[in-house]
Amino acid sequence: MRIGDFKETYAADEAVFRTPTVRFWLWALAAALLVFPLLAGEYLIYMANITAVAVVGAVGLNLLTGCTGLISLGHAGFMGVGAYTSAILITKFGVPFILTLPISGLAAALCGVIVGAPSLRMKGLYLCIATLAAQVILEFTFVHWESLTHGIRGLNVPAPTLFGLSLASGPAFYYVIMIVAAISVTASRNLFRTRVGRAFIAIRDRDISAQLMGINLFQYKLYAFALSSFFAGMAGCLMVNLLKVVTPEQYPLHLSIQYLAMIIVGGLGSILGSILGAIFMTIVPELLRSALGLFQGLDPQIMSYLFPLQTVIFGALIVGFLVFEPHGLAEMWRRAKAYFRLWPFEY
Amino acid sequence: MEDHILAVNNIEVVYNHVVLVLKGMSLKVPRGAVVALLGSNGAGKTTTLKAISGFLPLENGEITDGGVDFDGQPLKGLAPHQIVRAGVFQVLEGRRVFEDLTVEENLACGAYTRRDKGGVASDLDKCFAYFPPLKKRLKNLAGYLSGGEQQMLAISRALLARPKLMLLDEPSLGLAPLLVEEIFGIIGQINRQEGTTILLVEQNAQMALSVSSYGYIMENGRVVMDGPVERLLADQDVQEFYLGLGSGGGRKSYHEVKHYKRRKRWLS
Amino acid sequence: EKIVVGAGQPITGRFAFAGKHINDGLADSLALANEKGGIAGKKIEYIFEDTGYDTNRAVASFKKLMAQHKPVIMYGESTGVGKAMAPEINNTYKVLYGSTSFSEELADRKANPYMIVSGPTYAQQFGILLKYIAANPKKKGVAPKVAFFYSDTEFGRDPIPHAREMAKKLGVEVVAEEVTQVGAVDVTSQLLDMKRKAPDYCIFQGYVVAPIADVIKGARDYGMDTTFMGTFWTMDKQLLDALGPDGEGYMGVNPYAYWWDEDVPEIKAIRDFNKRNHPEITYRPNSYMQGWFTGMIFVKAMRMCAEKKLPITGENLKNMVPQIKDWDTNGLTGKVSIKDTNSTNVGRVYKADVKKGIFVPASDWIYLD
Amino acid sequence: MDILPQLIVSGLATGGVYALIALGFVLIYKATHIINFATGEFMMIGAYFCYTFMALAGVPVLPAFLLVMVCAAILGFMVERVILRHMLGQPVISIIMVTIGLSSILMGLAEIIWTSQFKNLPPMFPRAPLNLGVAVVRSNLAYGFIISMAAVGAFALIFKYAKAGVAMRATAGDQMAAFSMGINVKSMFSLAWALGGIAAALGGVIIGAIGGISPTLGAVGLKIFPVVILGGLDSIGGAVLGGLIIGVLENLAGGYLDPFFGGGVKEVAPFVFMVLVLLLKPYGLFGKEEIERL
Amino acid sequence: MSAPILAVENLTLAFGGLNVLTDVSFAVQPGQIFAIIGPNGAGKTSILNCIGGFYRPRQGRVLFDGQDISRVAPDKRAALGLARTFQNIALFRGMTVLDNIKLGRHAHLRTGLLPALAYWGPAQREELELRREVEETIIDFLEIEHIRNQPVASLAYGLQKRVELARALAMRPKVLLMDEPVAGMNLEETEDMARFILDIKEERDITIVMIEHDMHMIMDISDHVVVMNFGQKIADGTPGEVQHHPEVIKAYLGEKQQR
């Protein structure tokens, strides 16, 4: 139990992880992530992989939507741009996987900037629907720019290698993904300790007065779009190299919506929320499915009526969450922590 | 016994189940009178009005003790729109006009509960007589009106509802001196001509007391002082802390304000 | 001891209309094999999960089933999943893999030796139809004109490049290609374009019901006399119900016999099985037959292994597939010989009998070479 | 035959149906400022109601339509009561997400109740196409258009002349102030959702009559976004005009551009057009500019 | 007379058919407390909006420190040294008091996007320096230490106004534009605010342009007053002068104010 902690310097007060306890848990988490693939099987590693990719994507979307207040329905499209960039560079130009990672990010960022350019004039829902248009147009492009994307059949990529080492196995690629995820999280955490992050939040809260405070709205909205789609592009690149195939149908509007759900269920504008949301949205459907697997013995006839229940339960979970805990998992986590910190002196 | 149209009896109000804001607040408003409710920022004046008009549940507040009687009937359990229909109309703090409706539509909302078309039309003419600028801007969006024009609109809406009791929350907020004078003049006029009872919450104590017959002073969730206006005006503390008069009786200058000055807290 | 067959089925989501029946068919077919004593005394255990027609989930489900149950055969939902799993199936898992997809790519034995398509691929289905068209021109001596009408999806576009080539080879002229979204509301622009080009035949691909019924009715309204044709998914009873009297003349290719073909021995077996195990069932659609037939192929491969006294492993099963020759499927399909692709390249052209609301054969089994 | 008039006429007919669905969306937006991403699913459920009454219970067309409207109103009402009322005052995006969750629930329920099999509505309109001389309009579209326009007209009248119209808009603007006017805010919300539900359900029935119904019918709902954005989110007239424009535009793109791009243009054209319009007019053709003051 | 630090020349502004400002000119001398008064809707806030760049006047110029800034973007004007508080509080409600104040310094900080992501070297040093300065020169001055880590949304009205002032001070302004700083405040809070304004002028050499309806305060602390009515300037002079200007009395003050 801690009574309170007093800081002697401003530097200590500005630190991200302010107490030894927090730092201890962080190291423990890092160690756990490190040994995880040695203990887990293929399936769990795969789940960890797609969850971590989702974390990268969700952190990106939260920068734009949660922190800067620009709702985007085009996130999956930007992920697709990243995925295709990586696949094309690898298959047509033989670029090593690791180099395609930043390039995919940049390609997606470029698209993000183009989509974001009108954001100075378009506001709120109008902008949101414009990003929906971007999603539709990007999907169309993936299908119809056949010379580059192979149309609807998509592109297959070989197993990625790093400095001659094969990353084909789940565990090897797992470390790559985890490192990217860790960097993404740290970088966006840093962002909010500086003027750039503050400017994002100011724009979300009240963009016109932000401008009168000296923030160049156009520049910062573009920054937000660029950064967010940069993360999306990297997530797409990781995804294509994980699945080793990219097709237009992998990046539909539905996926954009899923990412939105992640950051909302997790907590808008919270980095911890992005992480929790990504975990929730990836793991929960899987758990629901496993739960239904318990009925495996039943007649397939009856089971097939049970399955749509997943869709209902999943929808109900999202709705229930927002009705009962509108600030998301991050807020629940904060309250739980506060409770334990004061324990046993709760009042 | 005097005829009271409104009686607030010893109410306690809690926000979010934790913050106790009113701690045994009571007041009475005689039928046909103008009563002023004064008090420093955060004393709970607005909360008192909301407790009367039934808005507390909208802000996660509730009356945990005591009750409000209007016209002899308890208001407990009525939804806000039913309280309006019963004849209590609140002009909200900060005007709260419907920004993306036109002035005309805003006025129509004021008359929403009324069925008599003719009566509304003649009341509308009265509003234009009280507030000529409104007539010119009937088709404009209310959001583009200046602060004073919005306040006029807010009071006009109340007039059009023809309530028995009008609750006014800081009508002078942000208004030019001349307009403040006018508005208070009109408040007095409405009270006299239409016979509307008015409960007035104000920061501008001087003005408020000039139109009222009785006053309450709130501090920290309860009434610390009340009485007929003449008595309040004569009180030393009221003079210093609400009317800004120096010890000599004249107004003191802001240049003379000390960095460390005496801060008044009524002991209660 | 048991032989495990695993499946990730699209029981919910966009493909649920078929996924549910495919799952039933596959489960029943394997159950019947068990009733008959299983494979060399071993029972088959069928374990399935719902994948919701979502690649990420399907891959997860695949890995989970492999880790938990070590199946020798897997069944999966879409072409996309097949492609995503291909490298790992080839290198790591080495299981025989069937799927709902009739995609050409998955039937390519060189690239995907473990994968099998349980019917002719879409391209082959187009081949069968084009062959029929070439043999039945509307006007004697004039090259027949066809239109392709397909959805802007993987499913819709899959056979088109092949179909174009095949048409050229067979002397059939492709005069129009119309593309729509799956649930398109208004197809007037496509209809008008077709009207201008006046094809003798029009082949649908990549739809289930919408907008086919609407196109056919519209063609009647605009006074066109094109004969409309479909491939596997559009050859079910529900389309005839949607068309009503406008269904007159509709035809298409189906690799399997129908539920109402009671004189076909395998259909009789299917109906018997259902009467015993699911007495409430009155009809089983096309996709059930697909699932059932997939089960038959799996059992066939397992039996072949058993006959050769080989252990039943994915590796061995995959080697059996190309050896299937002149396999009599009891009339459910024509005689099956697996040739250069891992698919069955036989189907039949059926046409609508509007009065009875069923499809009746318009040709014998047509084999491609 | 010249296809241009034909494309325009059938585009207008389809556009009328889009307008009706968009109206369901706009009604809810106007009164509650909620973006209903479940509009498509309301359509889908509406179509299934119709199927249930007509195909399963054998109710004739007109009573069936009435029943559908009643059921749709109840559905809208319930959704508002049970779910959205709790979301008052939450950020837009959370509310958007709730409607997305809602769409998932409705879709799952439809699969459970009516299964994922395709269903067909019994024929409800005379089969013969309407011949306008320059163009032939197919019967489903023609009657769909007529029903849509009638419904749109009725809603517009309700909004324009009934006090409820102004009250609904007031409610959307500032709930507490609306209460203070004596407006029963909660019943305004219920009313808006019930009306929105009816409009969407009617649209769903028309679309279901054209192409058959399945739980994924709601995907058409996506089309309403270009429509309402063009028209401006809160304008009834805008929704109608937006619907007609998008209907025609789609058909022209389909007729003249599809052959060059290998198909699919018909589907993206509305979105491309919408973006172009937004670049010139950031609030759509008829949308009101948001009031921004300091 | 020295050169004006801020001047507007012939400002004209209209929305649709509505003339909001007509040919307004005035000049503010360095070190003044300069008041703009006038009836509601006279166009006072609109003048500040034109000076700050939120409105583009139809005609006329804004001169700041001798430079014509009419074509300069609002954010650049802020960087030049124009700070502002708002009539209806415009704090960033999702941020703490401290972050709101730090945000004021935005235009004077240098950290770019990439250094921000790394939070390394200069980026970190800049933030720590900012924190120290904000604490020592602003938070301390305005006596808001106790609330520095609270989210602004939960603060009482008077404190929010004070945080807004703090944020404006963090912008290192040469001229501070204040729109109704004491509206809605009680006497005590008004006295505090008056004291702060005088201190800012006297100790920090910041010129203040202020809109206010509280006549006592205007008369007591301002050096120069401009009176607006219907978008036009109707008087310009010392408080004493305008107080007795007949047009001002008629349009704005009313008879009672004249004692």
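So that you can tell them apart, the chains are marked A, B, C, D and E in the order they are listed, and the count of residues begins at 1 in each.
By definition in this document, a residue touches a chain if its C-beta (ideal position, glycine included) is under 8 Å from a C-beta of that chain, and two chains touch if they have at least 3 such contacts.
The structure displayed is predicted, hence computed values, not measured ones.
Trainee: Based on which chains touch which, give the shortest step count from chain A to chain B.
Mentor: So the least number of steps between the two chains is 2.
Trainee: To reach chain E from chain B by way of touching chains, what is the minimum number of steps?
Mentor: When the steps are counted carefully, the minimum from chain B to chain E is 1.
Trainee: Chains in contact with chain B and with chain D: which ones?
Mentor: E
Trainee: Pick the pair with more C-beta contacts: A-D or A-E?
Mentor: A-D
Trainee: Just how far, in Å, is the C-alpha centre of chain E from the one of chain A?
Mentor: Their C-alpha centroids are separated by 41 Å.
Trainee: Once you find the CA centre of chain A and the CA centre of chain C, what distance in Å lies between them?
Mentor: Here the centre of chain C sits 37 Å away from the centre of chain A.
Trainee: As a quick test, compute the distance in whole Å between the mean CA positions of chain D and chain E.
Mentor: Once rounded, the distance between the two centres reads 48 Å.
Trainee: Going by the touch rule set out above, which residues of chain B reach two or more other chains?
Mentor: 144, in rising order.
Trainee: Multi-chain contacts only, two chains or more: what residues does chain E have there?
Mentor: Correct list: 45, 54, 86-87, 90.
Trainee: For chain C, give me the residues that contact two or more of the other chains.
Mentor: 12, 16, 20, 152, in rising order.
Trainee: Strictly by the criterion at the top, what is the full list of touching chain pairs?
Mentor: A-C, A-D, A-E, B-D, B-E, C-D, D-E
Trainee: In the complex, go through chain D and note every residue touching chain C.
Mentor: Listed in rising order, the residues of chain D that touch chain C are 1, 3, 6-7, 10-11, 13-14, 17, 108, 111, 115-118, 120, 123, 129, 136, 138-141, 207, 210-212, 214-217, 219-220, 223, 247, 250-252, 254-255, 258-259, 262-264, 266-267.
Trainee: Along chain E, where are the residues that touch chain B in the complex?
Mentor: Touch list, chain E to chain B: 15, 37-42, 45, 87, 156-158, 180, 183-192, 194-195, 198, 213, 215-217, 220-221, 251-254, 256-257.
Trainee: Given the complex with chain D, which residues does chain B contribute to the contact?
Mentor: Per the touch definition, chain B meets chain D at residues 53, 55, 58, 79-81, 84-85, 89-92, 96-101, 105-106, 108-110, 112-113, 141, 143-144, 157, 161.
Trainee: Where on chain D does chain B make contact in their complex?
Mentor: 163, 166-167, 169-170, 173-186, 288, 291, 293
Trainee: If you look only at chain D, which of its residues touch chain E in the complex?
Mentor: Contacts found on chain D: 293-294.
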